[in-house]
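Both complexes shown next keep chain A, but they swap its partner, so chain B is in the first and chain C is in the second.
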Partner chain A sequence: MMSKLIFGRYIPGDSLIHRMDPRAKLLLSFYFIGIIFIANNWQTYALLFAFTLAAITLSGVKWSFFINGVKPLIWLILFTVILQILFSASGGKVYWHWGIITISQLGLVNGVYIFCRFVLIIFMSTLLTLTTPPLELSDAIEYILMPLKAVHFPVYEVALMLSIALRFVPTLMDETEKIMNAQRARGVDFGEGNLFQQMRAIVPLLIPLFVSSFNRAEDLATAMEARGYQGGEGRSKFRILKWHARDAWVTLGFAVLTAALVFLRA
Partner chain B sequence: MAITFKQVDFTYQPGTPFENKALSDINVTIPEGSYTALIGHTGSGKSTLLQHLNALLKPTSGTVTIGERVITPETSNKDLKRLRQHVGIVFQFPESQLFEETVEKDIAFGPQNFGVSEAATLKTAAEMLALVGLPQELLKRSPFDLSGGQMRRVAIAGVLAMQPDVLVLDEPTAGLDPQGRLEMMEIFARLRHERHLTVVLVTHQMDDVANYADNVIVMDRGRVVKTGAPREIFADPQWLLDHQLGLPKTTAFARQLVQRGWQFERMPLTEDELAQDLVAGLPQSAFGEGHDHDE
Partner chain C sequence: MTQSKIRPWIINALVAAMYVVLCLGPAAFSLASGAIQFRVSEGLNHLAVFNRKYIWGIVGGVVLFDAFGPGASLLNVLFGGGQSLLALLILTWIAPKLKTVWQRMVLNIFLFTISMFMIAIMITLMSSGVAFWPTYLTTALSELIIMTITAPIMYALDRVMHFSDRIG
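Take a look at the complex of A and B:
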């Protein structure tokens, strides 16, 4: 059920992409999403696809993971594409016209472009999460947020909350599954009956989950205090992020890609 | 109610990249009225097997027969509720399943789901609370005010209130103090005789297996590697160690005696057996001239 979600999971590996600095990966992923919008003809989209495929191949992660990453969002994508096709202003050759609905050449082309954008964005962000352990990601976010300390933004606290939250996602998932099974064994039907009955069935799941989260938080806070935690200021770091030559090379690759995109742009 | 597994395989998340085979080719029967212990190293598939006992999981191939019902991979989820009333499962750390405002309501929750009237369930709740050894004044208290051990008992009472024919216990005494452990194990043994329950116990405590079980299933890496009476299972200590299992304390002690030349006719499993065998094996003179050994 929930465990079928691919997005947000990490697959251990030892590829170039796996070994990259998480800061580089995170920033470059955002950068990639930005430059997707430079593309506006088929050559540029082909270039972006080639780049993404190369990155996926480099990562050594199986193709099926990426396809499965797109699957849960396919209805959203199709909905957007169809809206785009049906309602874009007429341009180029008009194939069909009825009331406010117009299917034109421009609309079709735009639909295809939007589809490409969605797939590229999902592929790249799936690649980021599949090749980066969640804790490295939260380290990267902490580093990137550091300048905000100047405006009294609680960077350490946010980073700590983020890494604790990430750490407990699988634990809470297991807990949910366990409590669901225990209540099923006591005769609760999850996901059956009308809306009201379904909502009522959630109560025996939600209350124990909240209670156990409170207990867990209390235990964790006590354990942290007992180990001398007094806040983020003045702590040293165990996992130190290092910028390697490979990160510079990959960044250079993105610069070349950007230049090529601008050049090929219509 | 007997439960029979026939060529059961189970795979988690089949057809995804995270596929994980947890059970393979399980052929095993839990006879009606038996006290079956399910033992095995951590990760050997005990808990997965346990969830097949009331169809929380359905086999990926093969069949599980629970009483009259046959569960196959194609069985629909629709009408499994009746089955779950007959097979009560006490999961590990069951105190995490409590949620109602009062202890009474929480115990009554299970039977109410199976359509028993409110008045009847509240009466059952009071009986069950007494059965697990808690005072009646707890009935109106919130379950979250109780101590860990009391919460555990309330949760177990909630499962017993459904009046199951088969009681499945997944490490019911983990984390309890020695006194509480002994009490709980005695309650289960007593219930079994009073209500003719079939009991399935998942445990790492070999002492409990030796003291209570009459049938043992040993699992290793998703397969059943041995079944039999506790005496047969514990007869081969080296085999148990190879499968990362231990011996009951009594048997381990008896084994040390054997290594120093003592001879037992049968390997003692419980303290009583050990004491009897030792007394029988001692020469009469050991008790002293003219003295009775009862003294």
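Take a look at the complex of A and C:
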């Protein structure tokens, strides 16, 4: 059951997007989320969609991965869209009105735009994670957080923690599945009954999971101490990040996109 | 980092990994989906009640799940991580003034429920701001329910695990 879930899934490839520096990908993904808010008419949203679709096509990753990325959030998106449609300030033609609830042309249009924003953000975030190995992203986060060292933020330690956590997610997933199967064999029904009953079923899962995780942590810490691990300061890197011309070109592409959005904006 | 300081970071790494696994696990049996979410992993927020060093692991878990989990988005990372960090920092500031673990847990539940305004802001940012209150009420309610249910579980787990001693 759990093996079907996607977490930190990286699809290997040799596309331009795959070969980009993870720092550029991470920063440009954040930048993209920022410029989505410039869009306010169908032309600007169409441009953003065209740009995103071009990036996805360029990556060579199957469309199904992106559709699957939206699915877990579809109810949250629809819930937000419906609230927007029902409680939005009326504008244009009013189709239905009752108390504080109004369905208007403006509300419907805004609902569509909100749906587009959610989808664009999820698509671009999914593109980032599908084309970048999690450990490279962890390196990029470490690099981006580096200025915080000036205020004594433990950059190396946080990067180490994220890398180890990413490494152990599949291990703990397998462990959880084993524990769940063992509990099922004893008659526990996961996902049956009301919320309290479901929670009760999870308790026998939590105890062995906690014990196992803490034991693993202690074993790993002891092994690292025994090998004289002294932290990140002064350590050389196995994965060295390098900024290439292609990263600069893609950054330029984002600048052009921003200019076009400002030009097309209503 | 001196050798004695490695252990808490490794434990926090495993806490972060556990957070992700608990997010993904219950989603498999439909506990953490839909507009109102019940993430069992939110119970791990109570770890900070026992020792504030767990903050790193909890926030790390939130960031990792929001960045790499199903339906991941970078906006989630900023607002989800920010919400947890805000609530936990206020907790560590006020908690030493409270005598019992239960009082701290109640404070923790209160802080996480109130701080869901950040998640509501994130959602309303994407929807021109009109849906703030219904969104805030539903997200805060889900947080209140799951953190209340998980509080006695974490309390009982602490009797077995001695969370504070483990992280040192």
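In this section, the second predicted complex is superposed on the first by the 253 of 266 C-alpha atoms of A that agree within 3 Å, B and C clash if a C-alpha of one lies under 4 Å from a C-alpha of the other, contacts with A are read in each partner's own complex, and residues count from 1 in each chain.
Here, a residue touches a chain if its C-beta (ideal position, glycine included) is under 8 Å from a C-beta of that chain, and two chains touch if they have at least 3 such contacts.
Predicted, not measured: the structure shown is a model, and the values here were computed from it.
Touch criterion not met for A:15: it reaches neither chain B nor chain C. Applying the stated contact rule after C-alpha superposition, one finds that A:258 touches neither chain B nor chain C. Note on chain A: of its two partners chain C and chain B, the one contacting more of its residues is C. With both structures placed on the common chain, the touch criterion links A:207 to chain B and to chain C. In the overlay built on the shared chain, the residue A:199 is in contact with chain C alone; chain B does not reach it.
When the two complexes are overlaid on their common chain A, residue A:169 makes contact with chain C while staying clear of chain B.
Residue overlap on chain A between its contacts with chain B in one complex and with chain C in the other: 6, 68, 203, 207, 211.
Remark: chain A residues 1-2, 5-9, 29-30, 33, 37, 68-73, 75-76, 78-81, 83-84, 87-89, 110, 114, 117-118, 121-122, 124-126, 128-129, 134, 137, 154, 156-158, 160-166, 168-169, 171-173, 176, 180, 190-191, 195-196, 198-199, 202-203, 205-207, 209-211, 213-214, 216-218, 220-221, 224-225, 228-233 touch chain C in the complex. By the touch criterion given at the top, residues 12-13, 16-18, 51, 54, 56, 81, 84-85, 87-89, 91-92, 94, 96-99, 109-110, 113-114, 144, 158-159, 162 of chain B touch chain A in their complex. Across the interface of their complex, chain B is touched by residues 3-4, 6, 11, 62, 64-65, 68, 175, 178-179, 181-189, 203-204, 207-208, 211-212 of chain A. Residues of chain C touching chain A in their complex: 1-3, 5-7, 9-18, 20-21, 24-31, 33-35, 37-38, 40, 56-57, 60-61, 63-64, 67-75, 123, 125-128, 130-131, 134-135, 138, 145, 149-150, 153, 157, 160-161, 166.
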